[in-house]
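Mind looking over this structure? Questions follow.
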Amino acid sequence: MNSAPVRTAYDGVVACVPITVPYRRYSTNSAHWWIGRALHDLTRAANIRPKDIDGLVLSSFTTAPDTAVGMTQHLGLSPRWLDYVPMGGASGVVGLRRAARAVQCGDAQFVACVAGDTNHVDSFRKTLASFSRFAQDAVYPYGSGGANASFALITKNYMNLYGATREDFGKLCVAQRDNALSIPFAMMKKKLTLDEYMNARPISDPLHLFDCVMPCAGAEAFLVCRADVAKSINLPAVRVLSTIERHNAFPDDPIQYRGGWAMDIDELWQMAGVKPADVDLVQTYDDYPVIVTMQFEDLGFCAKGEGPDFVRSHTFTTEGSFPHNTSGGQLSAGQAGAAGGYLGFTESIRQLTGAPIGKQVKDAELALVSGFGMINYDRGLSSGAALLARAP
Amino acid sequence: MTEPLVRPKRKDPLRKTRQPLYPQLIRSRTAHGLTAAAAQGRFELQTCLECKTIFYPPRDACPKCLSARVPFVPVDNNGTLLAETTIRTSTDPYFRERTPWRTGLTKLDCGPVVLSHIHGDVREGERVRLDLKLDKGGAPVMIALPEKDTPNMADDPHLREMTCDPKFRRVLITDGRTEVGQAMAEAFSKAGATIVFVGIADPWKPFPGQDRLRQIERVEIVPLDVTDTESITEQAEQNGGRIDIIVNTAEHVRGGGIMQRRGLTVAREEMDVRYFGLMRLAQAFGPGLRARGADGVNSSAAFVNLLSVHALMNWPAYGAYSAAEAACQSAAQCLRAELRPGGVKVMNVFFGPLETEWFQTVPPPKVTPAALAKAVVQALQRGLEDVFVGDIAEDIRARLAVNPKALERELTE
Amino acid sequence: MASDLLAFARGLSQGAIRIVDLTQTLTQDFPTIQLPPEFGQCAPFRLEEVSRYDERGPAWYWNNISVGEHCGTHFDAPIHWISGKDLPNNAVDTIDPANFIAPASVVDCSKECAADPDFTLTIPFVETWEKQNGGIAAGDWVLLRSDWSKKPYAEYAGLRSDGAHTPGPDAAVVKWLVEERDVHGFGTETIGTDHGQGHHFNPPFPAHFYMHGKGRYGLQCLTNLDLLPPKGAVIVSAPLKIKNGSGSPLRVLALVEASP
């Protein structure tokens, strides 16, 4: 088979206008409300009219029975380009790369990328039970521990394979909590110590309470357009250097110890023309800390199996040697459904445009945002990553 | 090592009886291939007919070659437990009151990786046998069992949730006049049932074997006539609250087809004993069984129907009999749906001609009452739903699966 | 005539005439005749509630019943037996209703039956009885008092591996009662009019054979015969009017003059 053709760069495409609708643990509002609210905030912040939005990427699990098309009528939008990307933690990366190509090719001028989910008191349980056919047939009936039980097995296996310890995972969680303390919308408002992490109640061995994200309601959004358009209406923006996406990678691994990034990582760096050491901040998808460690390896910051050492030799707060999940990540901000996959983007756009909600990463010029999601049976199926750079 | 079950204490009459719950039982249509295998105690996974890949969870296309020819077939169930977790927090009410609950991933030697429940005698990294069971709600689930049997392994609380083991349970054999009823009483006594109630209709009529029946340990003779609604109601009022397994041994076997029968007298008796008898038992005892599905170690567990395998395909030599048996089979399917919410299994035991006087003229192979009773107890211990006993029953099952029309024709010859 | 009938009614209302109920309650567990299982069987009495002031019928209680013709206290018509199959008016619906009221001679064999469940009624026994109580008149029911109705069901049915052991008449006495005494019919407390071992007699089941062969009737599963005088009671025994019926469960009443 011929080698893959060289990919076209995303020249002249930017992402801007990061929007976060403050999260709530439970919401009596519908996903429609949360998505509408995010788009409302987005148009206000961009100073455009709803009818200017001619492209829409929608990521949500809870709009049922409405589809993305139904949502356009609900929200009064008439986009000429529409994509529905309900890919959980990979939604942000996938949404961005779809939107970027649409803008680049002129299929749309303003693509609003929006992710929002509500969280009714009982909706989490119901979502778990019907998340996928494999979940229904082969996961939920086994203790109904949800993603916690599935990732417990992945975590246990990773610990067995590479000698990771609970302390390693705790270090990541504690740092993220530090980062979250300056973020008003974060669900977690109290400092977390390693002792507290270690002594938290067990959820599904070896996972304990602070290894697990808190499901909540919330919405995130950003706008993708051409750089010159953004400039003409005075929107601070970031450039899209490169992206990757992969689904159901390595199906023959008995238990997941690596994600799809490992298949595509060279392309990510080559297309952007940068290397891992150049990156100023990293936003990984952190549904569980073991996945963070895997991403450090698979994204090229260290070799496979060296994740635990990498964690031990770095600090991960905004001021640390490896600024990571600087808005607290989902572990401290909360997991607002598909919006969790957008969290790294809104935070990176803010950091790269010098407008963080919390602390500023010093000299932030280059950010890596990574996505991961859709545990279907025994592993997360979707992975993706994007490199973003401050506009000149 | 599994702690041996101890005989449950007498129930505290001031405590609320725990209501039955069950794990989610919705499955995709394809996944019911597992239900079919589990109901009969087979371990089957989908196997691609084109590339021979064995895979799991159930799919509608082969994940290696995309072939749609992916039937469930028996496969090797040995593997290694790669990783386990102990779930301590569950969103599901059934598991919530049963945590901690262990699950794990097993890599089968034949390929797939299977998430399963874990028997208490199994540890991470060990060799295991995966078994397919029906869970408390009758849905198919996998459980990792120790590579070799361990002492008291049937007493494992996870496993006992999926079986109907007679041990420490109270059983009602509905008709002790028959050889089958007496063999059943013996088998359940031997299997450790706490009480074996044995129903006797028309106690003024003597019957062979009655002295031996009375001598069986823990047997208690009770008046019961499945053709008499009042008799069944009275028995249910008296003992219904403490009967965990019902085995309906009431039989009515007469040769002859439809046209040879002069009138309906015998056919009515047949239907009265078998079909209406089943219905009367279900109406009188069913609600109690359904309410007590989670009532501790000796919760209600099963309603057992003994059915001629000719319930599934009429045998004209015993044609009217076959028809009555078919009515029972159909009623049993309905009853199964009605009892499932209580975590109570309806077990249908399909047998070939029995070694009893009513099949005197039928050539062998035949099933002895003792063999039938043993099969019933074993099937309950395994938690099966459909059981075929004897060579004829197995033969009919196999032929039905291939070509029911051929079987229909051949049974007339 | 009218005055006789009114006098009778007055006797009833004033207690000069007593009514003795000779009927067993129809219940599900009352023993019925048992034949080898390959034969057709008499259906036992069964009762299914239709409604009882509930969703099946809010203001009323009623039952559906099913029962064989020869179940509980019942009447045998001549058509019941092969020997009476061609007689005129031989079924319960065609018997002249005048035959449903007749006097009775009650032959007390209770002591003998208590001593021997296989007690067999013979001509000499009846002749002795006649000497003490007066002759059996033409048109009399002959009722065999055995006190069998007082027994628990297992003894009542008397089933052993060689058949039932219950009292009854021998062949000669039945023939003699029909031919020499011209009786109306024969009644017992046991499950049948015949002896428990009657199938070994010659002819088998002589009470059925001779009585029905000559157009006479049978009553069985009677009770309270101990409350009747040897002579003087009048039996009211009208079976259900079943089309071409061979018999039927019924209420049997005895009218007895109160002792002065």
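Quick notes on this structure:
Order of writing sets the chain letters: A, B and C. Residues in each chain are counted from 1.
In this section, a residue touches a chain if its C-beta (ideal position, glycine included) is under 8 Å from a C-beta of that chain, and two chains touch if they have at least 3 such contacts.
Note that the structure is predicted; figures quoted are calculated from it, not measured.
Common neighbours of chain B and chain C under the contact rule above are absent.
If you tally contacting C-beta pairs for each pair of chains, A-B comes out on top. In terms of their C-alpha centroids, the spacing between chain A and chain B amounts to 49 Å. Centre to centre, using the average C-alpha position, chain A and chain C are separated by 94 Å. On chain B, the positions that touch chain A within their shared complex are 23-28, 31, 34, 56-58, 63, 82-92, 94-95, 99, 101-105, 107, 113-117, 124, 135, 139, 141-142. Note for the complex: chain B touches chain C at residues 202-206, 223, 225, 227-231, 254, 265-266, 268-269. Within the complex, the chain A residues that touch chain B are 124-125, 128-129, 133-134, 136-146, 148-149, 152-154, 156-157, 160, 201-207, 251, 254-255, 377-378. Across the complex, chain B is touched by residues 28-29, 31, 34, 38, 40-41, 43-44, 46-49, 152-154, 156-157, 159-161 of chain C.
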